[in-house]
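Both complexes shown next keep subunit A, but they swap its partner, so subunit B is in the first and subunit C is in the second.
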Partner chain A sequence: MISARVRALENARQQLGLMLIIAIVAIGFTLQTIRFADAENLRNILLQASATTIAAIGMTFVLAARGIDLSVGSIANLTIALAVALAGTPLPAELSTATDALVYPVVIVFGIVLGLVNGALVNLSGVSALIITLGTLTLYRGLALHLTKASLIPLTGAILSFARTEVLGIDLPIWSMGFATVLGWYVLARMPIGRLVLAVGGSPRSATETGIAVWRVRAFVFALSGFCAAVSGLISVGRVGVLNSDLGFGFEFTVITAVALGGTSLFGGRASVVGTVLGAMLLTVIQNGLNLIGADPYIYDVVRGGILLGAVSIDAFVRGQRPMAVQMSD
Partner chain B sequence: MGYSAESLLSLRQIKKSFAGVPVLRDVSLSVGRGEVVALVGENGAGKSTLKNIMSGLLGPDSGEIQLGKKVLFRLRVEDVKSFGIGTIHQELSLFDTLSVAENVSIAELPTKRGAVDRANIRQTAKELLNDLLEADIDPDAIVEDLSLGERQMVEIAKAIRISHSLLILDEPTTCLSIQERKHLFAVVKKLRSRGYGILYISHFLDEIYELSDRIVVLRDGVVVGEERADLLPIKTLSKLMVGRDLDESPEQPADLVPNSPVILSVRELSDASLIREVSFDLRAGEILGLGGLMGAGRSEIAEALLGLRESEGRVTVAGHQFMNRSPKAAIGRGLVLVSEDRRRDQAFLIRSLGENLVASHVRRLAQRLTGRVSHAAEVSNGRQIVLEFGVEPGRLSNQMISLSGGNQQKAIVGRWLAHKPQICVLDEPTKGVDIGARQAIHALIRDRASKGTAFILISSDLPELMALSHRILVLHKGRVASTIPRERFDAADIVQVASTGRLH
Partner chain C sequence: MSTLPMKSGLLGIVLASLVATGAMSADTTIGVSFDKIEPFRVAQKKAIEDAAKAAGVKVDFANADKDAQRQASQVDTMVSNKDAAIVAIPWDIEAAVNLAVTSIAAGIPFVSMDQAPADLKAVTYHIGGDPCTDGKVAGEYFVKAAAGKPFKLLELQGGLANDNGIKRSKCLNNAFVGHDNIKVVAQVPTDWNPEKALAGTENAMQAHPDLNGIYAPWNDALQGIFPVLKAKNVLLPVGDPKHIIIVSIDGTPLGCKAVKDRLIDLEIATPVPEMAKRAIDAAVKAANKQTISPQTEYLPGIPYGPDNVAEMAPKIWGCQS
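This part shows the complex of A and B:
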């Protein structure tokens, strides 16, 4: 029997490993250019990481419950498009839209609603979340394109302020990321709903036999993911100042990569919010550093893909070293 | 029977069908306060369905359920929770990645300021596991790190945690050591004295007699007997379980050719867990039945012979020792397996019937130089199998999934027999097929045996085993408990040996 203590160490080891990789990468970039380590760039890294991290925390819950949400980028785009359509005033002089504070509740509510639609479809159809959210990925993006006529809409007003406000000298998105990390960790690791999410992901059959309302847990994780995706949409749009039809395009891959790097199982039942945050941080550090040293932008994806493959292979190898008896579950 | 006053859960005239096939036909059953009721029956008698109805996982088609004083049409999960019915499932309902303490309390996690009260659930797990069940299991251990026996103890603790009136135990001892089993029995007796009602489902008749006050026998979805345990001799019980007219069967396998050669010889075959020193000889043209309960090691022996499971011991095929076994090498030596879960393991459901028929020997049909599979060869080979084995509809272009279960099975048995194997291992060859297909498959087996093919027949269907076999090895917990020649076949004896390991 492997003691609980050894298990805890093993989990900590994985996160320490990630931190070590981040540190090595950061030192590497600093040696290339000292600009990497200056305060302004470090703040920049955190700002860049915030949107990915927040969406990835939502995704962690979905994967923990043995689901997947490919529609996060589309939700980010569609919620902003809806808010602009509902709470925006087209300015007559130019092709631009002014927004008032009403955009925030609209974005949040639609994020949750679109997530609940995902959850309801998965619950009612019994089709895998991969296929359902592949469908809504296209559907939501299509609706957004229809609303905006696929045009570039410069924005002014309240919608931009979330990403551009500082509290106590720190940007609001960075505060949000920190808040989401602590809250996500607490909910997953400490609250009953977190245990239920892991239970449903670990064995849906056992969950049903135990009398756990599996459908409710599924609805919760998809709603949470929709909410997080909407918040990351607010951050992204606030940073660039325009609603572009490209907003959130391919976002699901970045987000899932971050979660997988963090050690969350793609097969459910095993998840770490702290790992996810570190995974998102690693991806951002690499992106930012490559940018600073003036690397060919076409190399970014090669590096990101390589890092993901390397990390999961090492992890699989280390897990494979455990004694046979342990692996004989199921 | 006058237990209605203190009855906890009563089922009346319950009926349940799956896809038009009746599984429960008019079952009435009651469990009262302070009694242990044993539910026994052969595989397929309907025990699991009944258990699922009682634990709120299934609703019956008709009938009524009385829970305490409430009369309901079906139990919902909330009813089960509020009334306090706990179920120990044969297939454990645990969560591998959560801790022992979390598993035990998962149905009702106590909170403290919004968080799971970890001290509380640890204490609960300690009380149930360490104090009540006397199992030395760390509440903080992760379930996937536990042995099977320890996991079963956690499952038991989890059910007791939910239960405050009725406890349903479905085969709770399959992975337990003798010591753990003793503790469990003591706990069951303790709970009974506290007024719990207990429904105990088991194949092991000795356990049934040790624990139960009343025995209910289920056969083909009907209660065929209900009696106080001390008034029901084991011989009568065995007879009730298998039914009356099963000892005689109209058809007999062809007589064995005297002195036909031993074609397969197995000596002291063992594996790490489920097979213990199994030895037997199989002669050409012989049909050797393997009897025993689920988990007795029957399918595992088949897997070990084919090299699908690691094992020790000597296997000799046609006089040559067969080492480094693998399915491919086995086919080369004329040894084939038609496995139990054929839909999953052996049928390519969305491919055509024709492709399925030739899938196992497609290389033989391929042209030597180009490797191209000649369509004509595929078709003529397939047609031959369809005709010989009576697969209907026999159009080779039909998708496999469009065929009935019986015809899928005929096609797969046909595919393997088309190899003209020397030895064919059949694992539950007629499970889930209709009577017509069953007879066709039986005729096929008899015919091939008379032409010299040796069969190992694994079947939980006792009439089938007795109708086809020349000889039956009865396995009990991985050992050969008895070898019974055809002239001494007796259904009740076989059930008894399978359930207790010996003849009383």
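This part shows the complex of A and C:
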């Protein structure tokens, strides 16, 4: 059994490795264009990373508990669609829909409810979360399409405020990301529920035998993931100012990539919120840098894939792990 | 005197005229498989339904939701259901060739619409917009607007793996050959996603605050562009000295509104109703074993701008709402 101290050391090494990668990538882009390294671009990176980071923090808890939530993008889409349907007033002359402050409770409540539905289905069916959330990914997205009739709905009013408000000169999504990071880290590392999440992820059977209400922990992590996905939806839709049928499409892959890069095990029991944040930052820095240097559009995936593979390899090296092939042959 | 020859003659005339006009019974079903469903496709779906109603046929609609495998299953089902013909907007242009071959081998005509499959000879008929001409018209507009002066352009790209995305980009850039004053400072892949268009515009304007123009090869990109320009205080009407020149393609209601609001300089509207009508007409004809000629047709977009939007509006589908 790995002690908490050893685990913390391992996480610290992991985070150091990721910081190193981000620094190398950042230096590389700065050498290409000096505009990469200025304050305005730092703001761009943080703002562009905020939606992914917040959803990824929720996903970290799900993966830590040996689950997975493929429906995050669909939850983001459906909660916004529900909010627009329930708290929006179509303005045909303007080709847009006006929204009031009611959208916020609607989005948050439905985010939690949809997450709880995922958790309940996993708990009641005993089917893998991968299959359940693959189903709800399609279901939630289908419901959103049904509600919006796949229309592009330009939005005005309160729904845009969250993504476009500054507090002390810093955008609210950036504050939210910082708050989510601190809170997520504290809950996972310092609170009893965090230990329960890791215990369930480490071994659900042992957790049950020791009296942990595994179903409650699962319900909690999926509800949290739904909440975070809904907040991400608010940021995305607020920034663009439009509800589009593509909102959240493929979002789950970006989110899971960020979490996995950050060192959270896809098999539960080991997780790092700070690592997740760094993973999301790395993904955003790559995208941002490639845009800034005017890279050939066909090279994006090559660069992204190469850097991600490099990050995983360096991480393994920093943590002193042997390649998987060697481990398997042991 | 027997009336039989006269009756037979009348019946023959009626049957012949039915075949000649391609008329089909209201029970005839045409399978329609879309690559995805989004605002532009919603307009295309309505246009297809209107055209089918006019032709007296029913449509059996399916959405592949950006999944080539799902589209293959849908086409298989339409073949099993013995639909009279299939009209598809392919998601994967290579896979579409196999879909067409399978369908035609089963005796069911296969019409591709909007997105051209990799091999046009494989389909019964193809009707599409003309992405190359649209891209070229956009490029020529930027060349004219630059008037020989240095001009920095941001090109937002749609899908890198589909016909419209590739040709709208390639032919735009072809128009710049010999015009070294036009510099495409960034080509940002967006996968037709307005959020990526927003981040791409944000980043490109960070690197090039003195940007002169933006190419938005589909109207939804405007939703990503406008918030960035507004935040930088450069969302200014056409004619303002600090206005950033924007050219877009599609002709949706939002595109039309942006032109009317003088926020974009040129819009190239895809003739959606005409495209749908020709697709359905061809499907009906092919189901009646009639020859279709030409086998491939492209409909170039209709360019219009703030100065002639009032005059052009009746021809633009997005200006009708």
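One rule holds in what follows: the second predicted complex is superposed on the first by the 291 of 330 C-alpha atoms of A that agree within 3 Å, B and C clash if a C-alpha of one lies under 4 Å from a C-alpha of the other, contacts with A are read in each partner's own complex, and residues count from 1 in each chain.
Keep in mind that, in the parts below, a residue touches a chain if its C-beta (ideal position, glycine included) is under 8 Å from a C-beta of that chain, and two chains touch if they have at least 3 such contacts.
This structure is a prediction, so every number in the text was calculated from the model and none was measured.
When the two structures are aligned on the shared chain, A:V242 is found in touch with subunit C, with no touch to subunit B. Of the two partner chains, subunit B is the only one that A:Y186 touches; subunit C does not reach it. Of the two partner chains placed by the overlay, only subunit C lies in contact with A:N291; subunit B stays clear of it.
Judged by the touch definition given at the top, the superposed model places A:N41 against subunit C, while subunit B stays out of reach.
Residue contacts after overlaying the shared chain place A:S203 against subunit B, while subunit C stays out of touching range. In the superposed model, A:R13 makes contact with neither subunit B nor subunit C. Once chain A of one complex is fitted onto chain A of the other, the partner contacts of A:A150 are limited to subunit C, with no touch recorded for subunit B.
Of the two partner chains, subunit B is the only one touched by A:R270; subunit C is not.
The intersection of subunit A residues touching subunit B with those touching subunit C, taken from the two complexes, is empty.
Here subunit B touches subunit A in the complex through residues 55-57, 77, 80-81, 87, 89, 91-99, 102, 106-107, 109, 111, 114-116, 138, 140-142, 144-147, 150, 158, 162, going by the rule given at the top. Those residues of subunit C that touch subunit A in the complex are listed here as 37-39, 41-42, 66, 157, 160, 184-189, 192-195, 198-200, 202-204, 206-207, 220, 223-224, 226-227, 252-254, 257, 321.
Residue ranges of subunit A in contact with subunit B, taken from their complex: 1-4, 7, 186, 190-192, 195-196, 198-199, 202-203, 205-213, 269-270, 325-326, 329-330.
Across the interface of their complex, subunit C is touched by residues 33, 35, 40-41, 44, 47-48, 95, 145, 149-152, 154, 164, 236, 239-242, 244-247, 249, 287-288, 291-294, 296-298, 300 of subunit A.
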